[in-house]
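Heads up, the next two complexes both have chain A, just with different partners, chain B and then chain C.
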Partner chain A sequence: MPVLKHLLAVWLFLFATAGATAQEQPRVVAVNHPLQYFAERLLGDDADVVFPVPAGVDPSFWRPAIADISMIQSADLILLNGAGFATWVDRVSLPRSKLVNTTAAIEDQFIVTESITHSHGDGGEHSHEGLASYTWLDPALAIAQAEAVAVAITARDLASAEDVDARLAALRRDLEALDAETAGALAGVANIAIITTHPRYEYLARRYGLSVTALEWEAGATPDEAGLAALRAIIEDKGAQVLIWEAQPSAAAFDMTGALGLRNVVFPPLAHGVDGSSYIEAFADAVSALAGAGSE
Partner chain B sequence: MTRAIALACACALAPSGAAAHQLTVFASVDCEAVLVEAKFSNGNAVQQGDVRVLDGQNTLMLTLPIGEDGTVAVPLDSVDHSGGLSIEVDTGSHDNYWIVTPDDIARNCQS
Partner chain C sequence: MNALYLAFAYLRYHWARSLVLTLVAALILLVPIATQILLSTSERALVARGDATPLLLGSRGSQLDLTMSALYFSDERPEPVAMREVEAIWDSGLAVPIPLHSAFSTAGHRIVGTTLDYFDFRDLTVSDGRGLSILGDAVIGAEVAQTLGKGVGDTLVSSPENLFDLDGVYPLEMPIVGVLAPTNSPDDGAVFVDIKTAWVIQGIGHGHEDVVTAAEVAAGSASVSNAAVVQYQRITDDNIDSFHFHGSQDDFPTTAVVVVPNDARASTILKGRYLDGENPSQLIAPAGVIQGLVDRIFRIKSLLDVVTTIIAVAALAAIGLAVFLSYRLRAREIATAVKLGARRGMVLRLLSAETITLLSLSAAIAAIGAAIVSQNAESWVGWLLALGA
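Then we have the complex of A and B:
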């Protein structure tokens, strides 16, 4: 019996210790997959990194539940993308001491867009400026964001500065290699007019000199007649040869656009991760597909 | 043809969901009430609209008309706020929301 009591005491001690360790692990929340990836690379096993947006939901316009916000408020670090990405961050109270805007140092490189003119209240007809948000599709900007994440991790002592520096150096090398490979792969695409099904690729286009015209189709949706009419108009005007989809559409949709003479490419904008691939791998795969379509 | 291209370009330049973004909703909490404020992005207060109050399970508990100054107070004792509150403002043409967590209420009540 004393042996049993002793074993029980040991088990309780181990259980309690394990529970305490789990609770003590710092938690970092990221508003998109690239920031999640950078944080995971920079933290290793030193913290849990959470990207709370469910699969299939656009992280730009996710509406969190109250429980999601409670979880985020209690995180040790909250990584924001800035550039107007993740509208929910302006609809909740978040602790300022834990917030980091990872594009604060590169705001001078933002791409300004203009919204549709409309009217409301007594203000008359007007339009609102907006910002292109998918900054991480330019690896040079992604490096700046990774550096901001590294500074935030070190400042909050979530991992040792020595470890973070070494991990950042490796991450920077990988992103620089991605940038160089992308520049080489897309060099042959620069002279080709490209249409995208959604305005997600502004930073990619600017970085690599691509000629892109965007539609406003739902991700992966089969286009209706109005959508096809807009597509035909752009093809006629621009001589476009390649259509970039942000998500895999139906075979019927591919057939429709293929019949218009377009080569279809799926280039996920990576706000969500791609199953089985890291951010860098998925980016490289998409670039390879785009380069292939451009050379056909 | 030109109109179709112009429309496509206008859409291309528009941030997705732009029309839904031009109403700003803010809610502050004390021990007595949630004070809801709604403004258009040009600074004008909302003069007409509904304020919906939902609980932590996203169940609608209360609908109130917004005041002419773009504010309305939701007494805390009129709603079950134990799981937090979602505040939605809908003017008919624009809508937006603010989320109040149980911690927001506890923190502001203590201060």
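Then we have the complex of A and C:
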């Protein structure tokens, strides 16, 4: 008789498990890691969150394959960053009813960058306005984006409104704490001229009053002679002391820039996640490294 | 039994005359029935398309033009409406707006630029190939595939809408990536592209071989000239990354917007927002417009009914005359039968049997014809409606 009971229990367990797995989870696709992190925090186990860009590929310029597009089209919610991030979105067909631009409410806070001028046909010369895209490097803007994600999740009934509200409150607290810690840590760096290897840090600089000049180096690449010449020119002009790399370069690259009197810092722009760290942890680590370099 | 046998033998002997009489009588029976079937099917098809489209947003002007261009992809050209109207409806959270850009055509078929939401809304499925994925992709309706003999892997080239509009519209070669399953609706005769592809055809979005920055121009390291920048007429793997759009998407045009409200309350609120006659946009219920059109058609139909009745009476009179004349011609034959001992009743039965046999054959042919019309009415009406567009 006890054997029968055990068999019944096992059968019931298997039945319940099969039922649970047969029910397909809603899927949310995010175009960058911060949005993936916000969605994961806000959804908990209520949905699968996918960031489809392979490691090592810049999410801004990713070109999805047909299979990727098909997967994204079938998602329940597609989280866009806006601000000109992920231009591939303009060149693929996505269901408008599932798209959410997480920066739609903060467009007045966008930073306009250099415009691109060209001409074609009989239209004459014209310009395209560029926008700084890495909005999540300003935690205040990141909070606005997280709120937009929460509204989209609730509107599509992907999780209960009470759960989402509670999770958003916790996420907002964490981001506000990150903002406060960053403001404190970078207070001493505000007077130091900083060079970045790529224009990624406009929102970070504006939020914390940093003086940043950007180069156009490939992420983690060892600079060539022209790159070093441009770097020397900026050092001379701005008196820069700190160089921010978006990815870890070779030791030789560190040596080259170190020889010019610069303190090297790796500050990942977090469009991709950092292994073993959440968005907030990686952000805090990068801020510590920058604060450390500034105080040396 | 004898009368029927003799009547059939007589009709068979005079087979040519019997055949003509049978066919004429069959046609007199069939024409009004077939007309009725086709008209009621087209009424259903017209009203169903209107009923399946809750609301339509477009520029203020002819409601019929707006309805015909959005529902039947006709040649009517309502003034375009800006995409900011679409975004306004999204922002309201009251409805799902689906833009339709139908300003261009290819090989006699309308190019319909829209979003993927349209395929879900109309329940359109791909029978061959895949759906729209990349800028430039085209998915064709079943009738387009059949008419043009094209399928997945072939290409279509857009035609300029206006021969003299050489400045703004550039032909675009589009690969066919999918063929839709037939639906017996105007969707069968359309070529679907992403609305962004329609904007590329319109010249709002385009690619470049190269772009230069303002700083480069200022520094003299780059020059701007028309010849240096190539405009593509085909979107390929090599140039797709250079495609971009000018200006704010809010200003981009669309021909009409299908608006699917969340519920009756949302529908009422939305309708209220567009009641102001000063508003350059209008929100209409296409079902009402279509019903008005159908009512007008059916007023004409009642006139047609009278004409059909007059023709039928005339044809019946002609048949009666033919039968009467044939009886006159057979006067001697009938007199011989009487002399041989046939009674008047027998002669009358013989003649009645011939007439009943003829009418029965005509009725059978008319019934078969009506069944065929009834069975194919939907597809024929669908084809006719698409042809009319």
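Criterion: the second predicted complex is superposed on the first by the 260 of 296 C-alpha atoms of A that agree within 3 Å, B and C clash if a C-alpha of one lies under 4 Å from a C-alpha of the other, contacts with A are read in each partner's own complex, and residues count from 1 in each chain.
The rule is short, and it goes like this: a residue touches a chain if its C-beta (ideal position, glycine included) is under 8 Å from a C-beta of that chain, and two chains touch if they have at least 3 such contacts.
Computed from a predicted model, the values in this text were never measured in an experiment.
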| item | value |
| --- | --- |
| When both partners are placed on the shared chain, which of chain B and chain C touches more of chain A | B |
| Touched partner set for A:92, first chain B, second chain C, both or neither | both |
| Partner chain in contact with A:288 - chain B first, chain C second, else both or neither | neither |
| First (chain B), second (chain C), both or neither touched by A:66 | both |
| Which of chain B and chain C A:155 touches, first, second, both or neither | second |
| Chain B versus chain C as contact partner of A:222, first or second or both or neither | neither |
| First (chain B), second (chain C), both or neither touched by A:277 | neither |
| Overlapping contact positions on chain A, where the chain C interface meets the chain B interface | 61, 63, 66, 69-70, 73, 87, 90-93, 114-116, 118, 120-122, 126, 128 |
| Interface residues, chain A side, partner chain C - complex | 61, 63, 66, 69-70, 73, 87, 90-97, 114-122, 125-128, 155 |
| Chain B partner contacts - residues on chain A that touch it in the complex | 58, 60-61, 63-67, 69-70, 73-74, 84, 87, 90-93, 113-116, 118, 120-123, 126, 128, 130-131, 133, 198-199, 213-216, 229-234, 236-237 |
| Residues of chain B that touch chain A when the two form their complex | 1, 4-5, 7-19, 21-22, 24-25, 40-42, 44, 46-47, 56, 58, 83-86, 91, 93-94, 96-104 |
| Interfacial residue positions of chain C with respect to chain A in the complex | 90, 93, 96, 98, 115-117, 120, 130-135, 137, 167, 170, 194, 196, 203, 206, 208, 210-215, 217, 224-226, 229-231, 240-241, 243-246 |
